[in-house]
Amino acid sequence: MTMLLSVTDLHVSIPFGRGVQTLVDGVSLEVAAGEIFCIVGESGSGKSITAKSLMGLLPRLARTSGTALFDGVNLLDKDVATSVRGRDVGMIFQEPMTALNPVLTIGCQMTEAAISVAGMSKHDAQHRAIELLDSVGINQAAKRLRQYPHEFSGGMRQRVLIAMAMMNEPRLLIADEPTTALDVTVQSQILHLLKSLVRRTNMGLILITHDMGVVAEMADRVLVMQRGKVVESATVETLFAAPTQPYSRALLAAVPRLDVIEQKEQPAVGNTLVVVDRISKRFETGRRWFTRQKDVLESAQALDNVSLTVAEGEVLALVGESGSGKSTAGRAIANLLKVDSGVVRIAGTDVASLSGSALRTSRAQTQMIFQDPYSSLDPRFSIGQTIAEPMIIQGVEKSVAMRQASQLLDRVGLSKQLLDRYPHEFSGGQRQRVAIARALASNPSVIVADEPTSALDVSIQAQILDLLLALKKERSLALLFISHDLAVVQQIADRVAVMRRGKIVESGSVQNVLQSSRHAYTQLLIASAPVPDPAKRAKKMTTISPLPDGAEDILQEVSPGHWVAR
Amino acid sequence: MKTAANSMATTYPKQPMLLRRLLGTPTGVIGLAIVSLLIGGAVFADFLAPYDPTKMAVGPRFLKPGAEHLLGTDEFGRDMYSRILYGARLTLLVGATSVLISLTVGMSIGLVAAYRGGWLESVLMRSTDVLFSFTETLIALSCVAVLGPSLKNAIIAVGIAGIPFYARTCYSASLVERSKPYFEATMAAGAGHARLIVRHLLPNVLPTMIVVATLGVSTAILAAAGLSFLGLGAQPPLPEWGYMLSGARDYFNRAPWLMTIPGLAIALTVLGFNLLGDAFRTALDPTERHR
Amino acid sequence: MKPNSRNWARKVVSTAVVLCSMSTISAHADDIVWARYGDIDSLDPHKATSTLSLQVWSLVYDTLLATDASGSPQPHIAKSWETSDDGTQYTLALEEGVMCHDGTPLDANDVKYTIDRALSEDSPSLTKSSWGPISAAEVVDPLTIKLSLETPFVALVPFLADSFSSIICDSNESVESFGTDAAIGSGPWKLVSWTKGDRIVLAKNPEYKNFGKLANNPGAPHEDGLIIAVVPEPQSRLAALKTGEVHIAEPPFDDVPMLKDSGELDIVVAENTGQNVFWEFATSRLPFSDKRARLAVGHATDAALAINLIYGDLSLPEACPVSRGVFGNDQSFCEQYRPGYDPEKAIALLAEMGYGPENPLETSMLVWTGGNRQKLAEVFQAQLAEVNIKASIEIMDIGSLNARVRQENENTEGKASMDMMTWSWYDPDILYALWHSPGAYRGYTSPALDEMLEQTRVLTDPDARKAMVQEVFKYLLENGVHIPLYTPGWEWVFAVRPEVEGFKVAPFVYPIFSDIKLGG
Amino acid sequence: MLRFIVGKVAMGALTVFVTTILVTLLIHLVPGDPVQIMYAQSQGSTPEQIEAVRRNLGLDQPIYIQYFQYIERLSQGDLGHTIRGGQPVLDVILQRLPNTLLLAVAAMIVAIVIGLPLGFLAAYHRNTYIDTALMGIAIAGISIPHFWLGLLLLFFFAVQLGWLPVSGSGLANLVLPAFTLGLSNAAIFARLTRSSMIDVLEQDFVQTALAKGLPRTLVLRRHVLRVGMIPLITMMGLQFAFMMGGAIVVENIFSWNGVGRMAVEAIFQRDYPIIQGFILTFAVVVVFVSIALDALYAVMDPRIRRGS
């Protein structure tokens, strides 16, 4: 096999403060034509920088050394690389929402490089653009060429970007986390598309990802990176079957698996604490005249007759894609949102009926943990102040509160000495621990955790999940766990409710919903989730047809405790 | 992974670090130096000024800057150096007071609108928008037209004129804070309105407002000096720089320094506050550093 | 929509070309350009009072009488006038062949139209009372007009020589924009256009006949046009004079000596301006209801020094309540009674009243804008400070000053106020307007003063009238009611380019352009 | 897009509506009796005459009636008459307004022509000495009071050198005031442009464009400049309003016969009808310009032009 690209001893550094920070430290790799080469690593591993350095997209101040030979041309050489870039090497990025220029038509953006660099005629370029759009699965391509990016959905945009990268028939495509920003069902389609393009055109593909599932699904060969250095390089089968390095092993071990059913002990379920009875919530969308802009992603009907219950010591997972209304449901249960109709009862009390201090006391019963660890702590409060605050609000004396705060800090696995530190001195995982400690401070009976691990690296995610489970057991909390990741859900939840467009389409025990799902949407979600095991690749469905809109209104109990919308 | 891009965590310095950061940039050093000099001159004018700034014929008329009179004398034989020093006091007074007016009123409007939401938010912010489109100059001019020309009225006018801007800035900063999860977390912990506004919203909005207010001092000084220049602000014998500049026009041929010096004084002061404000911005918000 | 830099540049250039084409309507070579600091308020002589307006009216309109160089009334459009023995009837005979700018002859009907208009009920002239107690204007024949008065009024004759009494041709009746865009008079210059705030363009009236105005020229002006431009900034006016953009303008006072020395420009100073600048006080309350406080101000202010600082030798200290050139003015007579500069005396007077360094008399000094008066006020402020009077200067437009002074007099409480007031008049009758009950500003009045002032209106014998006028002076000065400061007050100095020949200024600051020839 | 424009127009209408209320109130906020001030120049006015004037102006009516009367007259294009000279306010304003607009537009052109390239240059070379130098100049430019700059320019170019005329309203007269007003705003513009362009330069689509192999200049022109200009357009509306405000001072320095100079004179003369007319005119002009620019913005930005 002849190598398309061979990178030798790549170093990238950038001036930082008074010194120099090394971002990539001696990476070597080779990619052959028709090969899918994955670079995998956690945040800060230097995987994206490696890709950008090949494309000459590094910040001006960055310095590179080493060679990256492509067809005898060193891609790190800025002057030479320009002629190769775009023509022979293409790239697609993580955020399809921002990777297209919002004021130019799709047609213009697709054809401009072909016209101005490759010297193609406008007519030919458009013709080719239409062909490519067709081939990436975009209907009515000719019409679509005249449209603007905002008229496309995220998945569609990523298709456009792929088509755009294919315009010059590149021999090497670099895809930097191309599906991270997409919902799992769309991710599966895009990955499928990329794979078929590689097979069809025999180009090389460098796929950069943090997701072992994607790696297992796609890669021929894998490079594991950590802190700028290569940890391990192997074929995908070898890596998953017998990782040689401890880091690789740890990484693989931390990945939650949907396909492996763990034996879970039966939870000690107590009284039903949370009763949500047919709540509905509608958001005004778009720009409104006299108030601030609402989140555009929020669909008009965020909640549509949603009912659920959570009992003491039980974990209910609320699963769905973006815009499904799962977060809205969580906020409604935490009484941070007024619903239009329906009732939320916590320990028998209708929370909407409360006001003033009763409202505040009842709020303290239900605590939330949020997705983004960076903004979920007040930057002006020390960690101690943050954790103590809920107790102080409840009238606990300050010194007592601080003492308890330090105990809580200890409980979530952080040193008591950190009490006086401020959030900016902490990592994401540590902050999430602090957020958990704060949630516990008011001694709540219900915790709503809204994607608490989505922003974290996979190794940290495992720790946080363990902590949550332990705390739930210890305090017999009712835990509502909101997530888009079925594998995580499988690991943590006792019961699952699947949401789609503001409605619950299926609910029941983890076994029922995930192993013998009855609703097509649940099945689609499960099928779309990448399985971190290359051996199981073949068993999966290769094509997934989009799900038709159902008018599912009524939930039917198909087996005890297992409800499916019909 | 999305937030991994934020891994350069937003850092919020404690006070001593702030000063060190200010002094870490040339902008901060120069700005701080100019502003300190100005404040020093204003505070110690009584000791530093060799003459009474309004006393006439302390020297010959139209004396060029020199040893006896550092910055020369004006058309009445008053000492320019003393006048500039006392002028610094007026300038600071004008800048600080009018910004204080704009800041307190503007911040209250912004905080309440962002926190309370609903119809109150609409009413407050829509009226602010309306006033904002009038521009500060027009508001200030209208106020002076109603109140009549005097330094006090100029300060009030400039203060009122600034309100919409401060209200808007505070409002949008508050909205950002209010939408952050920590705010909801605190609400979920049962915090009352006062705690939410005073302990969480205000301290987090304050850095932005300090930057805005520092830059605002320069705007206010310019606006008030402009009014005085037009004869709508300070009245004689106050050694207000804008008024001095305006009065020196007639003597341009004979004594050009009478016009140059107050103009330079205003420009330097404004520059000082602008630099300081920029430095504050950089020091308080690292993401702004590369802007 | 595609941005194209070349395209864009082309657009900029074409915009510039469009702008160029709407460039200045620059003056013709044979137009005289006169720059002043401000604009007129109206072309209607009944709708404004500013000197700036009066000067323009005097060019566009004629008056029945005119003044000679000393300020005395002379025949003009009225070739003669007769007064009945009881002084209540004036019969004026008009010159023949005077034409209005629209080609209609100017006759007694136009005079009657003017007077009726000035005295009309619904919108009278702003200076209605200066016409005196006229009860009727009667057209005897086209060239004779008879004015009937309720009581004698000797100040009528000098009034008829002033531009406040400009004759408005009755053809203006049908002109809707009269006063705004149109003005039909019979003066040496016709109105071409008035761009408010910018310039007034006049063209010569070829039909013009001069009977009694001060110009040597018996007919139409020599030059074709006159442009009266507004240039507020003194240094800009000087620059424009130097470049030749402007022929005549008021220069910055401080540069006058330099200009005189260099001989670059001629300096013409108006004489007999009738302008009088004086202190007066809100006498409705303490401290200025006390004569001692008023006199203290008089003793504290050294007008000679102050005006010398600001105006050099362009202005003179004035001792009388009316100006030099006005009937009755006599410096040596007035100096006997005016409180002279004597700070010690001022301090003593104030001490009697209980004021001292620790307890200064606090007052507002109201001053009107322009002509460097704010600087003069600063000097006076400093002088007053020497005798323990702390005065805060308030500068305002003359109209506001008038209103404010009246307000101050009507107030019975509040901070004391004094003001630098000014009037320009051609006759001591101004003192009647100012100080006869109820007083122009509702200020100081007394029965004794009323009595004397009434006499000055009806005494027809000049000597008797003069004696009475001087009695009034004495009263005003001794009581510190009207403390004169200096004369002339404003708009009296003109810098003229050397190629301009024949520019002169008639009494009461009426510049004359009919004699001008632009040489070179 | 229609919805967007309608929203902007409604906001503009609200602004004008509020202005009319404020303008009606203005005369009542003045300390003292406005009628006396108005009648001040006439000799020996009697209380009856003062009352008559008060009645004529409707000042004896309740304030809401006055407001309706004001609106009624306004709808007939009647802004009242000036106190000094009794001129129709509308005429007085309309004769000067074009001059102010001309000045503001000229200054705007100066500001854009100077500020935009400099800001773009600084953004492109961000965090280099070129950027530091340019932004240093910009901050100094913002700090120089325009009344001072104006005087210096006036004295140097017109008075000392005699290069430019000092009176009139021709193109030659426009040069100095337009530069005075334009230069300080050019500095502001450079800063705005810089931050807008940096925002764009950091966008993913610029990376995409570069990754496609497009030449750097084409990326800058087609992708960066074009997108970066869009937020600048809305800022231009604000800038225009600032220019109108700045014109007040600059017109006074250069004897430029615009509404700003008129307004200051009117304040000194307490000519309230002119002040009222000025405020209203100012608001209407600013509203019109910002609606026009918003419309332009809507046209330039397909997200709004083709938005639902």
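Things to note:
When the chains are written out, they are named A, B, C and D in that same order, and each has its own residue count from 1.
Here, a residue touches a chain if its C-beta (ideal position, glycine included) is under 8 Å from a C-beta of that chain, and two chains touch if they have at least 3 such contacts.
Here the structure is a predicted model, which is why all the values come from computation and not from measurement.
Contact with subunit B and subunit D alike is made by A, C. Farthest from subunit C, judged by the mean position of CA atoms in each chain, is A.
The greater number of contacting C-beta pairs, out of the two interfaces C-D and B-C, is seen for C-D.
Centrality by C-alpha centroid: the chain sitting nearest the overall protein C-alpha mean is D. Here the CA centre of subunit A is 84 Å from the CA centre of subunit C.
Separation between the centroids of subunit C and subunit D, computed from CA atoms only, is 37 Å. Separating the centre of subunit A from that of subunit B, both taken as means of CA atoms, is a distance of 45 Å. In subunit C, 233, 235, 369, 396 are the positions where the chain touches two or more neighbouring chains simultaneously. Contacts with at least two other chains are made by residues 127, 155, 159, 226, 252, 268, 300 of subunit D.
In subunit B, the positions touching at least two other chains are 126, 149, 231, 249, 252. Applying the touch definition to every pair of chains gives A-B, A-D, B-C, B-D, C-D.
Those residues of subunit D lying in contact with subunit A across their complex are 3-4, 7, 10, 127, 203-205, 207-215, 218, 222-223, 226-227, 230, 300-303, 306-308.
Those residues of subunit D whose C-beta lies close enough to touch subunit C in the complex are 32-33, 36-37, 39-44, 82-88, 91-92, 95-96, 102, 106, 109, 113, 154-155, 158-159, 162, 165-174, 221, 225-226, 229, 252-255, 257, 261-262, 265, 268-270, 299-300. Residues 11, 14-15, 18-19, 22, 26, 29-31, 126-127, 139-140, 142-148, 151-152, 155, 159, 194-195, 198, 241-242, 244-246, 248-249, 252, 263-264, 266-268, 272, 275, 279, 282-283, 286-287, 290 of subunit D touch subunit B in their complex. Against subunit D, in their complex, subunit C makes its touches with residues 1, 3, 12, 15-16, 19-20, 22-26, 35, 38, 40-42, 44, 47-50, 53, 126-130, 179-180, 195-199, 229-233, 235-240, 242-243, 245-246, 369, 396-397, 399-400, 402-404, 406-407, 433, 438, 440.
On the side of subunit A, the complex with subunit D involves touching residues 55-57, 61, 82-83, 85-87, 90-95, 98-105, 109, 112-113, 116-117, 147-148, 150-151, 161, 164-165, 167-168, 286-287, 289.
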